[in-house]
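So that you can tell them apart, the chains are marked A, B, C and D in the order they are listed, and the count of residues begins at 1 in each.
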Amino acid sequence: MAEITSLREAVAGLVRDGDVVALEGFTHLIPHAAGHELIRQGRRDLTLVRMTPDLVYDQLIGMGCARRLVFAWGGNPGVGSLHRLRDAVERGWPHPLELVEHSHAGLASAYVAGASGLPFGLLDGYHGSDLPAHNPEIRFISCPFTGRRLAAVKAIRPDVAIIHAQRADRRGNVHLWGIVGCQKEVVLAARRSIVTVEEVVDELDAPPNACILPHWVVTAVCPVPGGAHPSYAQGYYDRDNAFYLAWDQIARERERFRAWMERHVLATEDHAGFLRSAGITLPRERVA
Amino acid sequence: MAEITSLREAVAGLVRDGDVVALEGFTHLIPHAAGHELIRQGRRDLTLVRMTPDLVYDQLIGMGCARRLVFAWGGNPGVGSLHRLRDAVERGWPHPLELVEHSHAGLASAYVAGASGLPFGLLDGYHGSDLPAHNPEIRFISCPFTGRRLAAVKAIRPDVAIIHAQRADRRGNVHLWGIVGCQKEVVLAARRSIVTVEEVVDELDAPPNACILPHWVVTAVCPVPGGAHPSYAQGYYDRDNAFYLAWDQIARERERFRAWMERHVLATEDHAGFLRSAGITLPRERVA
Amino acid sequence: MKLAWTREEMMAIAAARLLPDGAVCFVGIGLPGVAANLARRLHAPDLVLVYESGPIGAKPKVLPLSIGDGELARTADTVVPTHEIFRYWLQGGRIDIGFLATAQIDRFGNLNTTVIGDYRSPRVRLPGAGGAPEIAAHARETLVILRHQRRAFVERLDFTTTVGYLDGGDARERLGLRGGGPRWVITDLGLMEPDPATRELVVTAIHPGVARAEIEANTGWPVRFAAEVATTPAPRPEELAALRDLRARTAAAHGRPSGE
Amino acid sequence: MKLAWTREEMMAIAAARLLPDGAVCFVGIGLPGVAANLARRLHAPDLVLVYESGPIGAKPKVLPLSIGDGELARTADTVVPTHEIFRYWLQGGRIDIGFLATAQIDRFGNLNTTVIGDYRSPRVRLPGAGGAPEIAAHARETLVILRHQRRAFVERLDFTTTVGYLDGGDARERLGLRGGGPRWVITDLGLMEPDPATRELVVTAIHPGVARAEIEANTGWPVRFAAEVATTPAPRPEELAALRDLRARTAAAHGRPSGE
């Protein structure tokens, strides 16, 4: 059922203004190219869902694509703040951003509930935290056997899940490995899904219990080599740590941020164009 | 933390009369040798937990080791009834057997809850079935967001989990692959665990996302080649379908069953002795 | 009349025909495995087989004797833990067709695979629920396959293991089940489908060489027939050849004829 | 006095010493990674590192810049999905030590990593909870590492992201949390531990070259000192050498000094 198509067509056909969109990938395999394409196509009023909003959401938020953010940890990992996220929350620029805030355990449970067809996920969490007071999607229930108080988090069922993976075969079966985060769950929880991949191969030849998304749960597969940059794709290229550091400067001021995004994202046709324009070489994978 | 030891010592040290014991393995990797060892050591009053009680529990029940059975499907797969299980339930021989009966989805959720440190598992199941009327470990709750009625199953936390796996390394890290059932969950849910393995190797060299039980969640690792027979160990030997057929005759009458168990299990020292006594050759793996 | 095929063969072939190519089929234990694998060899090469033991997209070359044979794992696109099959793939709403066998069925497609007699002191202890209650609850539609015998088609179940249409009408919807319920019951005598209003199973097709009286005699309630009852097309040569080839290869591999 | 080591180094070394060999440590984002990986190179080669991104038993040769670096996945015994880390390994009770950094801490070891100022219109929006609330709830004990500054050690948190001992005494137990709570707070000035009765954090050790007054000046509440306050043993040469080697290799790999 998966269609192998260009990222531009996939985004044009599957993501609408106002959608709940989850771009997942925990440090690894972050779908940055897809984030750029959402910006290029000018999507608006998105509810963005993600465990760890980092650069990919800093860009989407700074470019005014998001109305609402569902998340658990928003920073530039190992570097510091996300300046565009902070500007939106602290000063409402480019416009105010509504927050639906979870812990990692809570948001992960909400994805698992979504993938499992359950209306809520259960966890022994949030006790004593101020988070539930600010998030109506966290409630508490009693165990019918022990009376223990447990947290219930409303299931997340995105309109569109977007992930990056290492490989797909020609039918659209997707194989990812290494740090797999909640990618399988978000695809299964979503109504539609877009998977960008490093390459399309004839045969996956995956290990028996590999993390595979069968073609019939994926809506579109888009070959986008380097599509995770500055995140990494295990087996293909390493994390571009220098870019994460550089981003701290690029994103600090509104003007420089806008100029950078206009020049390298809005003015380019696709991800290959972006990489050329920004002068990016994918870091070779260092295997110790 | 895992000790590499003999199966005899592991059972002697870790399984007590009256324990809640779960031998898992869904068709594949069923820990038959460990079941035999429980019988040899004369364990009594066990609560036996298992998704699919098959020959391994037919033997334990027929030999009087079990007081209670927690299960979802009890048959000889592809052949028919479990005669010893039926004799216990229908005629109380060798003594009555208390049943705690689930569906697969329910029992799997109870294991997942046990592994997750939750007092109950949640599923959209059991609606309209007569099962909840006979199992107090199934209750219903309301979703705090939607009001939907959902089933809650009491978590299962066995005293001892027993599984069979393909390999362990010398530290006791265990690697299994193929049909992995709920083996990881039952080990994580249990207080103590015994893992019989086909072989102990220097390096696992497992794929990145392989099903691994780290040595620090396993209590004992016991090398028992052929320990899954008549079940199979992918990569080592095939299922002995002829034995499953033969068992239908062996187990049909009480006397023949007792005689067979006495001769091949009680009168032998260990699993190697059992295989010799019963004249069993492990079927070579047929890879089409 | 001596037919060139058996009623068992007709049953498997009639069931296989009901599985559309590309559908995702949750294959229950027993007879469903034969029909599902036959369909893959005929008109439905892209039928996706999901087994409760964990294999997704299994493409067995011989019929498995159990629902967890190595052949299923070796030929699958991936193998996931059993709890994931039930939670993500079944309960998550990813299954088109749940395909079940049963020991007893009533006129509303409810199933008993638990006990004959009283639950606490049964005359016959059956294997139990296995995956059936949730397969029948969540699959978009359910197919049930069993031999047409009076002791199986009963006026009243000894135990309701798995809900079909409960006591008919909109009872299933009122219970909140998300799957559509039994769409076809396939037997060695014919096919039954639920009446659109009452949800009572009515005979909509009879296999060649079977008399209405035989179906009546083997159904434990006053069975109804549809206004127009079709005659099942007899097995075509290629259907029979595929089924027999599958059984022959299975026998060669397992030393016995089938995965029933 | 010019010391042969920095306070940053003393802090990392003092923290590393608190991690016993063989323990299972859930490594939070930031400073904990340095100390945990230092411990593995010193007295605790069998310290098991679990990262929320999924690696179990990671043995990185250089400090990761994030908690999801490829180095962690490549050197781990296995990598599991993120939700599994939280459900099976943390909530399942398999973690001995939860090791956290924080932006703010109060006298009862409660943590704020969410906002400075009001939640709805914050002065500074911090990254948020991440894994911290449940790490601190479920790990057998928690270690917290942060620089000793008045803006961090506050009289009153702007937001309670993560519970330590709540308002002290048996409040944590009454809340039903299963983990033991903050066992040590490690700073660049000294060590704090909870008073056994009140659970207020008290200074139990001071790093060499640090005056009591400096700790008092940098703590936002009237900080208490234990009856006997130890002086942290100065970094030993092998400790310093291991830490500096780790940082040098990290700098060579990443082009920057550390995983902070």
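In the analysis below, a residue touches a chain if its C-beta (ideal position, glycine included) is under 8 Å from a C-beta of that chain, and two chains touch if they have at least 3 such contacts.
In this text, all values refer to a predicted model and were calculated from it rather than measured experimentally.
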Distance from the CA centroid of subunit C to that of subunit D, rounded to the nearest Å? 57
At what distance in angstrom does the C-alpha mean of subunit C lie from that of subunit B? 28
Subunit A to subunit C, mean C-alpha position gap in Å, rounds to 41
Per-residue multi-chain contacts in subunit B, two or more chains: 117-118, 123-124, 148, 178, 180, 184-185, 208-211, 234
Residues of subunit C whose C-beta touches two or more other chains: 73-74, 79, 87, 91, 138, 178
Which word fits the touch map of the chains here: line, ring, star, complete or other? other
Which pairs of chains touch, using the document's own definition: A-B, A-C, A-D, B-C, B-D
Using the touch rule from the top, collect the residues of subunit B that touch subunit A in their complex. 117-120, 122-124, 137, 139-141, 143-146, 148, 150, 152, 154, 177-178, 180, 207-211, 234
Residues of subunit B defined as touching subunit C within the complex: 26-28, 51-52, 71-75, 77-78, 81, 85-86, 89-90, 101-105, 108-109, 111-112, 123-131, 134, 148-149, 178-182, 184-185, 211, 232, 234, 238-239, 241-242, 244-245, 285-288
Given the complex with subunit A, which residues does subunit C contribute to the contact? 22, 24, 48, 56-57, 73-74, 76-80, 87-88, 91-94, 138, 178
Residue positions on subunit D within touch of subunit A in the complex are 29, 52-55, 61-62, 64-75, 79, 81-83, 86-87, 90-91, 114, 119, 121-125, 127-134, 137-138, 159-163, 166, 175-178, 253-256, 259-260
Contact residues on subunit B for subunit D in the complex? 1, 115-118, 173, 184-185, 188-189, 206, 208-212, 214, 216-217
